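This is the structure I want to talk about, given as structure tokens.
Chains: A, B, C, D, E and F, in written order; residue numbering restarts at 1 for each.
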Amino acid sequence: MSSPSSERRERAFALLAQLDPQAPEKVAKNLDELSDDFAELVLGFAFAYVVSHPGIDLRTREMLRVAALMAMGNAPGQLEFHIRAALQVGVSRSEIVEILLQMAVYAGVPACMNGISAARKAFASHGRGDQGS
Amino acid sequence: MSSPSSERRERAFALLAQLDPQAPEKVAKNLDELSDDFAELVLGFAFAYVVSHPGIDLRTREMLRVAALMAMGNAPGQLEFHIRAALQVGVSRSEIVEILLQMAVYAGVPACMNGISAARKAFASHGRGDQGS
Amino acid sequence: MSSPSSERRERAFALLAQLDPQAPEKVAKNLDELSDDFAELVLGFAFAYVVSHPGIDLRTREMLRVAALMAMGNAPGQLEFHIRAALQVGVSRSEIVEILLQMAVYAGVPACMNGISAARKAFASHGRGDQGS
Amino acid sequence: MSSPSSERRERAFALLAQLDPQAPEKVAKNLDELSDDFAELVLGFAFAYVVSHPGIDLRTREMLRVAALMAMGNAPGQLEFHIRAALQVGVSRSEIVEILLQMAVYAGVPACMNGISAARKAFASHGRGDQGS
Amino acid sequence: MSSPSSERRERAFALLAQLDPQAPEKVAKNLDELSDDFAELVLGFAFAYVVSHPGIDLRTREMLRVAALMAMGNAPGQLEFHIRAALQVGVSRSEIVEILLQMAVYAGVPACMNGISAARKAFASHGRGDQGS
Amino acid sequence: MSSPSSERRERAFALLAQLDPQAPEKVAKNLDELSDDFAELVLGFAFAYVVSHPGIDLRTREMLRVAALMAMGNAPGQLEFHIRAALQVGVSRSEIVEILLQMAVYAGVPACMNGISAARKAFASHGRGDQGS
């Protein structure tokens, strides 16, 4: 009954929920509205196969994503999402600040300032729901 | 006798040597030829203060740099240098491959393919000098 | 009476009107306020000579622009404009979704997600004025 | 006997061969050396699901890829590959030149000049094997 | 009493005040909230050592920063800040428009249009406080 | 006899010769081979109208181009060309080094290192033909 494609979607959404419990519903709504198989194709690949691939623990993985999104600077909303996800899986605030400092050197001060702005939003909203980090 | 600025330079070069024993000599030659205080200004900041800043261990730091340089895609030579530096401080080849996979998702398949090319060169030259990873 | 430069401006604005009837007025206002010859220089080149250059039909041209703007990711407002322009000249919504999928592969999932956000806005505003696509 | 994963790999390689008959062998060699499932994961997604997805014909798809790779400017070797692939599936040289002109406007003259250099190499090597475009 | 680090911070803030009298307070608030030594590390380097380095006058330096921020396109708020700072240190509005035209050629029309939007905001807010340019 | 288009081409090439006496011949050969009107369209816009536009002196203009090309990092050959052109029109080597330092802050150390490599090549080749800077 569950096709390979719907299984892959399920796994993607289970992983997404681990990072942010509200994310699967929002993502599904956004993507399914555009095209029936969009969520399956993009998330099925991005989340189930690659994001959850073994070999590097989830905490380090989130740090790598935060570094890459800061360096590229093209997706401030997704950077904020992954900073929150990083806090959610145990990265500390001071580790996020350390990554920001690295990116001042590697991607320049403007990229770092954009990262600071995303971090301040993520810290504020994470703080409201969870006092853990 | 040693000014604060030459101390900062020394610390930067000591850290650089930890990543690649030949690097300080090459970097000094390149930078000093352009301007006397270039090495002190750029490396003094980049390496002594930020790269060696406490809070994230050097091994994870090198993974973050590799991810950022793959994502930005503007410096293949420096990416190759930091993949070798990562191997030098204990990151395994399969962890580098995992970072490449992440970057296929976050920065696109062309950026990932460029990263593959840098990784193959770094693996080959690291393999020659050191069998450890 | 009409100088070569004002002719070029006219042609640029005629083409712009084909993509969005309100655009010439908005663009003229924005650019003329900054400098008298800004609109002529930039649009004269960009629109009259290059955008309207023969050799590829306007429909395919708009698809190429949408792909390039998604890939570069530096101009979300202009991406939204060209998605609407694409719908205006006959590109279908499902073709826009296909371009988004391509860009997930070539420019990464964050660029694709930004494109999804621009597409949803363009689809919504185009839908209000025109039921054709 | 053939797992879903090896089927996906087969389909990816069949499509790749349509663009350049020598590509599957080169790609397999490059990727398999790094990791057993790299080719399956990246190409399985990139080529079998997305590149070959219905909805836009292969000829237009190659034009979109050429535009995106020119605009991003981060992968000159892959741009040259896709210009050759475009010629292979029926895009004419003058259409490639038109895309270059578009990209002068959208991504700037330096990106266009890099595209010119890739196009000249692709035209030269395509000319040697095939007189068709 | 004043450590080398607090001296460096003072110099950075003095320079920042020259560009925009309100900036030091805003920047200090943003950065100190994240980490005690963030302002010292980033601004100490960026502003005291490099931005104020002799060799190119401050007016030309601000023109170079405006050009670079337009070209990179990753920090519209900082571009707007530096366009205002440029006006503050004597760059004229028509010189800003000339830089915009240059960037249409070098970084593409979308980057130029983003720059136009930042320039219009900077011109408007600078006009309110100061009629000098 | 001389059409408006060939006049524009002449002016573009006269300006190009001012920056580098060998450039017009190389550029014409590269562009005309691709398409008859490519040189006229791209250079006619880029050089005759914008690069030579009054309002900012040629020396400052070359400094702006060097800054922008370093910041974007997508065209090392063109960066090297414009560093040589800057030296040709009176920018000193130490001013080029100052721009490199600025770009370490704004575009990151990897972009700065790439700029250093272009500057070293430009300094070496300019030194051979001309001892003036």
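Here is the rule we use: a residue touches a chain if its C-beta (ideal position, glycine included) is under 8 Å from a C-beta of that chain, and two chains touch if they have at least 3 such contacts.
None of these values were measured; they are calculated from a predicted model.
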{"item": "Same-residue or different-residue interface between chain E and chain F, half as cut-off", "value": "same"}
{"item": "Chain separated most widely from chain A, comparing mean CA positions", "value": "F"}
{"item": "Farthest chain (mean CA position) relative to chain D", "value": "E"}
{"item": "Where chain C and chain F are represented by their mean Cα positions, the distance between them in whole Å", "value": "29"}
{"item": "Centre distance in Å when chain C and chain E are each reduced to the mean of their C-alpha atoms", "value": "31"}
{"item": "Between chain A and chain F, centroid-to-centroid distance (C-alpha), Å", "value": "41"}
{"item": "Set of chain E residues in contact with two or more other chains", "value": "41, 45-46, 50, 53, 69, 72, 74, 94, 97, 101, 104-111"}
{"item": "In the complex, chain D residues that touch chain C", "value": "45-46, 50-51, 53, 55-56, 60-61, 63-65, 67-72, 94-95, 97-99, 101-107"}
{"item": "Chain A - residues contacting chain E, complex", "value": "73-74, 94, 97, 100-101, 104, 108-114, 116, 119-120"}
{"item": "Chain E to chain D touching residues, read off their complex", "value": "105-111"}
{"item": "Interfacial residue positions of chain F with respect to chain D in the complex", "value": "30-31, 33-35, 38, 41-42, 46, 69, 72, 74-75, 77-78"}
